[in-house]
């Protein structure tokens, strides 16, 4: 058992225990650690926004670019970007809507046709059963089950008709598929949460206390 | 069942259910710590999606690059970092060019950790310039920029426009590896390792327009939600949670041993499997006992 | 003006974003490339002002009003300023140091060291608390109280057993049955839900571009 | 084999590649020409040399070499709107054979990528369906939406709280006002507040977002006055707790154990703290109705709560209650879009099985 000597490993271990202390009950150590986390995260983000976007894509080109038109173009963009600061100036805070509109508009516009292709058409196409599926019995059976599952799940979330007649059994089969799907997510979520806790113990018992190899 | 025995049984179960949740925390902690100190060996058997990704990377043409996108943050590092390390070892062991980028700014530090760790592992055993792993020749760490749309669409045209400068600050045009790594066409596969919906954006923006081959390493929480993309062929296989990481580690270690690179490297994912198993059984026991208590008391009310 | 200009901008950039997908012609493609690599990137760089600005404003008002736990706000602000100074002036790449030296003797406080030894443990441990909440909820709340919950728990048990060697011990086929549940019924139900979610995203994007949905204007604080 | 053909084999040396063709690569911004040919029958060929000549120029320039199995080559350096001719030379260890030059070809840029046609049609149909229903919803507020069974459970749960004379707790989720789930939750809160006002059961609404808090207070006050009980409304029904995720969960746990509400509503956007809320609620024996579109939290709510509104059911319930044109129109439009999708799947399967059309475009 050889305890770590690096001061930083001790700092990391103390912060880990401070967060775990919440399990006993909410306390000052936990609050300190939580507020520290928010501060460091934002300081880290500022660093990389500065070094990896503003410097290489704005300051360098403006300083070094031979063409005057590029300088004017980039400075104009920087001015529009600076409008974000107006968010905190009450009288003219509506100006922040201009940069937001440009980013939001392009993002929504770009996603519409692409998502229709990737999420609707491709997934729809993958549900269609073709003769290729009948090459052997299991691919055929699974393709049929998936087709039924997709149609009944979609029908469960159909609100324009009362759940009477054919829709009643279809919705029932749909909820069975949905619940088996959520069961699969539930089982894997349990697995995920445990892994995160194991990761922290691998640090505490390994790197800090040196108990495990 | 006499009334007294009946009420005794009910009061036992209600008391058992009402115990303080911190006792349950202690039980869970013990169940995880003990197997960490005294692990029992577990050989995870590769499931189909993991095998599919491994076979694809193994049989990719030699000059095609393996690109890894770090789309997760330190929150889910325990599950996803072992995947990145295993993928890097697989690529370096088979002498493939590697490109790494991060779509989450907090993924940068994780990318740096994984790359320096695996490069050091290989360089420790390298004898000459040929087998050592050199930044700028064998791998490039493009770093991060935003918004995601600029990256995903821009890398289909020219990567050096999207990443003029790499993580370390060097100009990307000057790096030798970038000569034949211009855009998606020079990539064998791009693996998005993520905890959130970023893989969906890679499909919607990168694959639809440029047809790049994609796969994903995902936390077990969202794994079930991505199976439709594996089924439709949009993802070529998938690594799900720490179990997926352990399976891929197993395949890579076996491959490296076969190629005479048996360096006894640590596999974080596999090491956690014994605790993972114990904790699973504990959670299942909690649910079963809880439900027995529930049904025992319910009949009484 | 406060509403018409942003709504017009959203419409124009929205239509351009969609059209750029359909037109391979060089004229449109080069404008799209300039728009993505210059306009989007520089505006997004400044968007951090919104995030950091609102956090600083939130904590400053908390300190001003002496709201509950206001003292802790000083920790967030100082941590933010110190990390930013070390990062911006200390530089990112150890062999390309910035103006500020990032180590005193052997004790280095380089941005990557701060990241690995402060941010990783804080973030990772915060998330690993969930394992505990999960275990106590498993014991005291997850009940097979109706048909749906019973189905869910049954499928979850098969999955969890399939993931551990005990599963193989119970029945050789259990792990592959667990894999089958994920690959077939789960794929079907998640694909069905995916169609609904995608139509929801499509509706929201369309309403924003056409100016039907105006909630985002609120973010600007104006009328 | 006739003597003459043997002689022919000896004398005529290598057979050149045949029918060389060149055409513009479609769906691009120009600059690319695809060259194709049939491989030379001789097995001794080791590679092919690709040559190009601009129409009107004299000499041929070599573009590159391809292996003996190749039968296509893409010239990605052809200037737009200029005519080029291509020729192949089959190379074997001992000799070479030249092919006939191809017909001239021109690289052009296209204004529409034909491969995106399905996406264009799909988007157009969906845009039409959505705009149609949003307009109809603006004119006719009672477009039919079935009553979500979840709302009957809300009714029962409120009845139980009234019988036992214990308060009702309503948690509107942890997200901001911009989140669709929060808006849906506030619509349902309005309905719940009307009943608690009528039956006189105490209502508790803790908040984490200042804007959601102010909106929620207005909704509850309006519900109380609309039922004719403005007197029953007081300022501490709806209150702001904290914006810290886990501190909020701890505070609501305190309310659940102290006030012992008979009914808990957990409706809106939830994150990891949903486990703590649902667990404490279950432990206090309250009837719990949940509703969220947070896919990661749904499995926990389903097993921990008595009834759960799953994803879109939450939106439909809010549209059903509020009859707000945007929500109503969107729900109806999504219903009909789903019907189209199911129709296409069934039609596609029928066509694929009968006409053996393979959909391998991407498989």
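Letters A, B, C and D mark the chains in the order given here, with residues in each chain numbered from 1 onward.
Everything below uses one rule, namely that contacts are C-beta pairs under 8 Å (C-beta built on N, C-alpha and C of every residue); 3 or more make two chains touch, one makes a residue touch a chain.
The structure presented is a predicted model; accordingly, all values stated were derived computationally and were not measured.
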item: Any chain in contact with subunit A as well as subunit C; value: B, D
item: CA centroid of subunit A to CA centroid of subunit D, Å; value: 14
item: Computed distance of Cα centres, subunit D from subunit B, in Å; value: 23
item: Sites on subunit D at which at least two other chains make contact; value: 116, 119-120, 123, 126, 246, 279, 283, 295-296, 299-300, 302-303, 311-312, 338, 341, 362-363
item: Shared-contact residues (touching 2 or more other chains) in subunit B; value: 17, 21, 25, 28, 75-78, 106, 109, 145-147, 149, 153, 167, 169, 208-209, 221, 223-225, 228, 231-234, 243, 276, 279-280, 283
item: Overlap residues in subunit C, where contacts from two or more other chains coincide; value: 18, 21-22, 37, 40-41, 44-45, 91-92, 115-116, 119-120, 122-124, 126-132, 134, 136, 138, 140-145, 148, 152-153, 156-157, 160, 163, 182-183, 186-187, 190-191, 193-196, 199, 202, 204, 206, 216, 219
item: Graph class of chain-chain contacts, one of line, ring, star, complete, other; value: complete
item: Of all residues in subunit B, those that touch subunit A in their complex; value: 22, 25, 28, 32-33, 36-37, 39, 75-79, 105-106, 108-109, 143-147, 149, 153, 164-165, 167, 169, 200, 203-205, 207-209, 219-221, 223-225, 228, 231-234, 240-243, 266, 268, 271-272, 275-276, 279-280, 283
item: Subunit D partner contacts - residues on subunit A that touch it in the complex; value: 22, 26, 34, 112-114, 116-117, 120-122, 124-132, 147, 150-151, 154-155, 157-163, 178-179, 182-183, 185-186, 189
item: Subunit A-touching residues of subunit C, taken from the complex the two chains share; value: 2, 5-7, 9-18, 20-22, 35, 37-55, 57, 69, 72-73, 75-88, 91-92, 107, 111, 113-132, 134, 138, 148, 151-160, 163, 178, 181-196, 198-199, 201-202, 204-206, 208-209, 216-217, 219-223
item: Residues of subunit D that touch subunit B when the two form their complex; value: 119, 279, 283, 295-296, 362-363
item: In the complex, subunit B residues that touch subunit D; value: 17-18, 21, 208, 221-222, 225, 232-234
